[in-house]
Amino acid sequence: MLTLSVSLHHYLILAAVLFGIGLFGVLTKRNAVAVLICVELMLNAININLLAFNKYITPGDFIGQIFAIFVITVAAAEVGVGLAIIIAIYRNKLSVNLDEFDWLKW
Amino acid sequence: MSGFPVLTTILLAPVAAAVIMTFIPREEGKLIKCVAAVGTFVSMALSLYVYFSYDTALGGLQFAEKIPWIKDLGVSWFLAVDGISLPMLLLTNLIGFSAVFASWNVDNRPREFFILLCLLITGVMGTFVAHDLFIFLLFYEVVVIPIYILVIIWGSSKRVSKEYAGMKLTIYLLIGSAFLLVGIIAFFVKSAGILGGPDMSFTALAEAGKQLSAFDQTWLFALMLFGFGSLVSMWPFHSWSPDGYAGAPTAVSMIHAGVLKKIGGYGLVKIALYFLPLGAKFWAPYMAVLGVAGVTYAAFAALAQKDLKYIVGYSSVSHMGYVMLAIGSFNVIGINGAVANMFAHGVMAALFFSTIGFIYEKTHTRWIPDLGGLARQTPRLAVAFMLAALASLGLPGLISFIPEFTIFIAAFKVYGGLAVIGIAGIILTALYALRAGANTLFGPPREDYDHLKDIRGPEMVPLVVLGTALVAGGILPSLLFDMVNSGAVPLMTHVENVLKIGGVM
Amino acid sequence: MVEFAMHNAWLVPLLPALSFVIIVFLTKPWKRLSALVCVAGMVLSCVIATLAAYGVFTNHEFTEKPLVYAVRWFSMAGLNIDVGVQLDPVSAMMMFMVTLVGSLIFIYATGYMEGDPGYSVFFSYLSLFAASMLLLVISSNLLQMFVAWELVGLCSYLLIGFYSHKISAREAAKKAFITCRVADFGLLLGLLSLQIVFGTLNLTELAEKISNFGQYTSMGILTLITVLVFLGPIGKSGQFPLHVWLPDAMEGPTPVSALIHAATMVVAGVYLVGRTMFLFTEVPSAMELVAVTGGFTALFAASIAITQREIKRILAYSTVSQIGYMMLALGLGSLTASMFHLWTHAFFKALMFLCAGSVLHALHHKADVWEMGGLIKKMPITGWTFVVGGLAIAGIPPFAGFWSKDEILLAAFDTGHYVLFTMAALTAFMTAFYMWRMIFLALFGDEKPENHPHESPWNMTLPLIGLAVLSAVGGLVGTPWAPFWQEWIFFGHPHHAEPNYLIMIGSVVLAAAGIYLAYTLYCADKTKARAHALKERYKFFWTLSYNKYYIDEIYLWFNHTFIDGAARLFYLFDIYVVDGIIVNGIAAITRLSGEGLRVTQTGRLQNYALVFFLGVLAVAVVLAFTGPSVAAGLTGGVK
Amino acid sequence: MMAFLNSISWVAVAFHTLAAVVVISALLVVLVRNIVHAVLWLAVCFIALAGVFLTLDADFIALVQILVYAGAVCIMVVFGIMLIRRGNMGESNQFNRQVFAGGGVAVLVTLLSGVLSFRIRYAGSPPDVPENTVDQIATLLLSKYVIPFEVAALLLLVALVGAIFLAKEVKADADS
C-alpha cells in the first residue's frame, strides 16, 4: 500500500538534493549570472533545513524561522552586490564568461 | 638604585630617540643624527654605569626588574644582568653609539635609517638583558626586520646583490630562529609539566632543566645548537655571514658582526648550556670539531678574498669558531674565554667594519687590488685599520689576545691535538690580516686618492670609542675577566651539579 | 737611589712607553720635541736601569734568589696570571745593556732620520719598541714575556715597514711578522702546555716545579714542551730554518737594524732560552737540539754572508751567525758564555750597523760594497770605528768579541762536542774573512769618483765613538784572569773554566788568517782578479751561497702552492659547495617546488571552489565516519 | 475509498508533489541552455519552495519567499541579464570544462548530507505549532533579535550603496 508520510528526513534529503544541484551549478556554469542563480538555490536549501529543524526539533522557539529571514535578507543583498560586480566586470572585459577570468592567480 | 628601572631606561633611550626622530622633518639630517647620537649615548653611559657598579664579588643577577605580564604563559617583563650578559650589553652600546657616527654621512633617507638603526640596537640590547625566555625571543624577532630593510635599502652590491644579501641574512636568521623556537617551545612545555605551572624566567627554566632526561636534553640541545649555531655562523652554517656583511651598510655590518652574531654564542651559553647541561655535554665534542673546522676553513677562505668586507666576514666566522671551540671545551675557563672573546671580537669587528665603511665611502671601492698606499693619505684611517687588523690576529696588548689565550688553555686541556689545529689558525689570521693591511694601506700611494680627506670630527668617534676599548681591554684584561668570571663560575657550578645528578638518573 | 731603582724597576719599560704616548698624542707635530721626549725617556730609563743593575751586581744574594715584584694581571676560576718584575743578574745585565745601547742608537737616530717626513712617528715607534723590549727583559712571567715578545714583533713590523710606500719594505715587514708568527705558534703551544701541566707561568714557580717534574708529567711530554718553547726563539732569533725574515728586515732605517739586530729583538730568543734554562737543562735531547741548531745556523749563515754584496745584508747574515753562536753556547749548557757573547755582540754589532748607516747616509743609500771604496779617508770617524767593530767581531784580542767567542769555544771543547767545536771554529774563521772582506772593499782601496762621501754630523758620530769604546773594552769584564762576569751570570752554579791557551791562540790565529785572506783577495789585489777567479772556479757554490740556498724561493713556492692553493680551494668550496649546492640548493628546491605548486593556482574561481568542497568533504567524512577520538586527535583536542 | 482518502496525509502529498517540482525545476535551472529560461525555472522553483515552507508551518517565511525571491531576486537577475547579455541567448547558459568533476563533487556532497541526515534522532511526531507565527516572529525580531535585525537593515543599506557604486558607469578620467 502506498504510504505517503513526511518526516524531518524527507526535508533534509530534499535540502541535500537542492544543495547538490546548486553546488553542481556553481561549480560548472560558465555564465557568472548562472553561478549567482545557483548560489541562490544553495541558500534556499539551507532555508529548508532551518525551517525543518525549527519545526521538528525546537517547535516553539522560532529560531530557525528568524534565521531563515536573515538568510533571505543577506541573499537579497548578495544578489544585488553580486549583479553589480558582474556588471562592472562586464563593462571592463565585455564578458561574463568565468573561463576567461583567472585573476585569482597573483 | 633599587627603585630606578635602569635597564628599562637603557632599552628605551634609543626607542625614545626613534620616536622623536619621527617628528623631525626629513630635511633636518644633522638634527636627526644628533638625536640618534644622544639616544645611544644615554644608553651607553647608563650601561657603563651599570657595568662599573655591578658587584662582581657578589655576582648573580643584579639590577633586576620584574613585572608579571602574561600569567597563563608565565611570562613576565624580567630584565636582569649578570657577568655574562653585562659585557654583551656594554658591547652593544659601545658599538651602537659608534655605529651612529660611522653612518654620519648617510644622506639617503637619513630619518628612516636612524630610526631603524635605533630599533635594531634596542632589539639587540633586549636579548641580552632579558631574563625571561619569551622576552628574549621577542627581542630576537624585533632584530630581524630592521636588518632586512636596512640591507636592501642602504646596502651595496658587489659579488652578490644587496637584495640577495639581505634575503640570505634574514632567511638564515629566521630559519635559525624557527628551529630555536621549536626547541624552546618543546622545552617550555616540558618544563611547565615539571614545574607544575608555566614560568618563562631563566632561573625557573634552568631548575626545570635539571629534571629533564638525558635523551630529551640531547635532542632539544641539538635544535638550539642549530638555531644559535647558525646565528653565530657556526661552520657549515656560516655562508650568510660574508655575503651579508658585504651587502649590508656599514652600521649594520658593525652591529651584526659586532653584537647580533653574539646573540648566538650568548644563547648557547646562557640558554642552551644553562638549561640543558646533559645535552651540552653530549654535543660538546661536536661543537669543538665544528669550531675548529670553522676556524681553519674560514681563515683559509679569508686568505683568498680580495674584497675587504669579505675578508672581515670570513674572519668573523673564523673567530666565532674559537667561541664554539671554547663552549665545546665545556669548562669554566672555556666559558670565560668564549664570552670574553665575543666581547673582544665584537669591538674589533665593529672597528674593522667602520674603517672599511669609511674607506669605501671615500674611495668608492673595497676591492683590494684597487687600493694601496692609503697610510700616506689617510693616516688616522690607517691607524684604525691596523688596530683592528692587529686585534684580529690576536696581538697581545689588544683586547683579543687574552680571551684567545684563555680559549686555547681550555681547549688544549680537553682536546689536545684538535685544539692545536685551531690554534694554528693564528698563523693564517696573521697572514690575511697583514696582507689586507699591507695591500690597502701600504705600498706606493695612488694619485687618485691624493685628494681624500682623512677621517675627522664625528667620523673619529668609532675609532676613539672602540680603539679605547681595544687597548684598555688589552692592557687591563681584568676589567673584562672579573666580570665574565663572576657570571661563568655560577653557571658552570650549576652545570656540574646537574651533571652529577644526571649521572645518578 | 739604588734602592729606589731596584724596587721600582717597572719604571724602566714604563718611561719609554710614556714617551710613546706623549709623542703620539701630544708632540707629534713638533719633530725636535718628539725626538727629545723619546731620547729623554730612554736615557732616564737607562739611568734607572744602571742604578738597579748596580744594586743587583753588588749583592750576591740575587744570584740565588731573584728580586720579584708581581701583581695579579687577571684571574678566573682555575687560571691566574701575574705580571711583574724579576731582577737577577741576567735581567739586570740585559736591562742595562738594552737601555745603554738603546740610548746611543736613539741619539744616532736623531741625526740619521733628519729630514724624514715621518720623523716623529719614527721616534714613537722607537719608544714603543724600547718599552716592549724592556718589558720582555724584566718579565717575571712567561705570558707577560710572550706579550712583550709579540709587541716587540709588532714594533719590528712597524719599523721594518717604516718606508711603507716601498713595496719591498712592506713585504719585508709582513714577512718578518709572519715568520715570527709561525714560530710563536710553537711557543704559544709550549706556554699553554706549561700552564696546563704546571698550573703557573711564573718563572720562579716554574723553576721550582720543573726541578721535580716527575710529579706532574712524563719525560716525553716535557721534551715536547721544551721543543715547542724552543720554536719561538728559532723564529725570533732568526735561527735556521726561520732565519729568512732577518736579512729582509734591512729594509727598515738603519737605527732600526741596529736596534733589532744587535741590541734587542733578535737576542730576545736567546734571552728566552736563557730565562727558561731550568726547563731546557731537564731535557738533554732538547739541549742537543739547541746546540746543533745554533752551531749549524752559525756556519750556514756565515757561508751565505761570504758572497753577499749589500753592506747591511752581510751584517744581517753575520748577526744570524753570531746568534747561532749564542744558541750553541746555550745548548752546551753555558748560560755564562751565551750571555757574554750576547753582551759583547750587542756593542760591536750595533756599532757596525750604525757605521753602515753612516756610510749609507753619506752615499745616499747606495748599499753595494763593490761600489764603495776608500771611504776611510773621507769619513775617518766612521771608518775607524768600523774597523774597531771588525776587530771585535773577528775575535782579535783584546777587543770584546775575542773573550766571549773564546768562552763559547771553550765550552764546546770542555763538554766534548768536538764536531760543534769544529763548526764554531770554522765559523770564526769565516766571520773574520767576510767581515774584513766588507771592510776592505768599503773602506780601503781606491776611491770611486762618482761617490761624494762626507763625515756624518756629531749626533751620529758620538754614538759611534761610544759604541767603539764599549766594543773595545766590553769584553774585559769576563777575561779568564778576571772572571767577574762568570761569577754573576750563570745557571746552577758558577763555572770557572781554566784558561785554555791552545784554544785561545788557535782562535786568534784563525781570525788573523781570515783577515789576511780577505786582505790578499780584496785589498792588496787592486784588480780583484783572484777573487773573481775563485768565484768562477766554484761557480756552483757561489751561486748557491749568493742566492741564500734558495730557501726564500722554496718558502715562497710553498706558500703560493699550498697556503694560497688551500685558500683558493676552501673559498671555491665555500662558493660552490657550501653556498652553491647546499644553501642555494635549498633555496632552489624551495623555489622549484613553488614553481611546481604554482600550476595548481589556476586563478579560476570555480577551480578553487571545487577543491574547497573536496576539502570540506574530506573533513566531513573524517569527522563523521571516524570515532570521536580520531577526530579529536586531528583537530588538536578541541572539545 | 473514504477510508483511503482519510488515510492519505495531504500534507505528505503536498510535500512530495512540491518536492518533485522543486527538484525538477532546479535541475532545469542548471540544465537549460538559455539563461532567461533558467531564471524562469528558478522562479518556479522558488514558488514551489514557498509551498514546501507552508508544509513546515512557516507561512510568513513562505510569503517572504515569494515576495523576495520569486519577485525581487528573479526580476533583478533578469534585469542584470538584460544589462549584460548581447550574444546568442540560446547558448547563454553553458557548462565549463570541469562539469564531470563538479558533478561528482556535487553528488558526493549530496550523498554525504543525505546519509548524515539519517543520523539525526528526534522525538517522533512534531508537536503542534502555534497558529499565529507572524506575531511571535515580529515580537522576537524586535526584542530578542533586535540587534541582528538592525544589523541586517544596515547590511541591506550598505549592499544598496555598494551595488549602486559598483554598477555606476565609471568615468574615464574619474581618478585624475
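Should a chain be cited, it is by its letter among A, B, C and D, assigned in written order, with residues numbered from 1 in that chain.
In this text, contacts are C-beta pairs under 8 Å (C-beta built on N, C-alpha and C of every residue); 3 or more make two chains touch, one makes a residue touch a chain.
Not measured: the values here are computed from a predicted model.
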{"item": "Closest chain to global C-alpha mean, per-chain Cα centroids", "value": "B"}
{"item": "Chain pair with the most C-beta contacts", "value": "A-D"}
{"item": "Inter-centroid spacing, chain C versus chain B (mean Cα positions, whole Å)", "value": "35"}
{"item": "Euclidean distance of C-alpha centroids - chain A vs chain B, Å", "value": "61"}
{"item": "Mean-CA-position distance for chain C and chain A (Å)", "value": "94"}
{"item": "Distance between chain centroids, defined by C-alpha means - chain B, chain D (Å)", "value": "67"}
{"item": "Of all residues in chain C, the ones touching two or more other chains", "value": "606, 610, 613"}
{"item": "In chain D, residues with contacts to at least two other chains", "value": "96, 98, 101-102, 105, 109"}
{"item": "Chain B, residues touching no fewer than two other chains", "value": "none"}
{"item": "Interchain contacts, given as pairs of chains that touch", "value": "A-C, A-D, B-C, C-D"}
{"item": "Parts of chain D lying in touch with chain A, wherever the complex brings them together", "value": "8-9, 11-13, 15-16, 19, 22-23, 26-27, 29-30, 35, 38-39, 42, 45-46, 49, 52-53, 55-58, 60-61, 64-65, 68-69, 72-73, 76-77, 79-81, 83-85, 92-99, 101-103, 105-107, 109-110, 113-114, 117-118, 120, 122, 126-130, 133, 136-137, 140-141, 145, 148, 152, 155-156, 158-160, 162-167, 169-170"}
{"item": "Touching residues on chain A, where the partner in the complex is chain D", "value": "4-6, 8-31, 33-34, 36-38, 40-41, 44, 47-48, 51-52, 54-57, 59-60, 62, 65-66, 68-70, 72-81, 83-88, 90-91, 96, 98-99"}
{"item": "Residue ranges of chain C in contact with chain B within the complex", "value": "72-79, 143, 146-148, 150-151, 154, 157, 161, 164-167, 169-171, 173-174, 177-178, 181-182, 184-185, 188-189, 192-193, 195-196, 563-564, 566-571, 574, 578-579, 582-583, 587"}
{"item": "Complex interface listing, chain C residues touching chain D", "value": "606-607, 610, 613-614, 616-617, 620-621, 624"}
{"item": "Residues of chain B touching chain C in the complex", "value": "168, 171, 236, 238-240, 243, 297, 300-305, 331-333, 336, 373, 375-376, 390, 393, 395-397, 401-402, 405-406, 408-409, 412-413, 420, 423-424, 426-428, 430-431, 434-435, 438, 441-445, 477-478, 481-482, 484-485, 488-489, 492"}
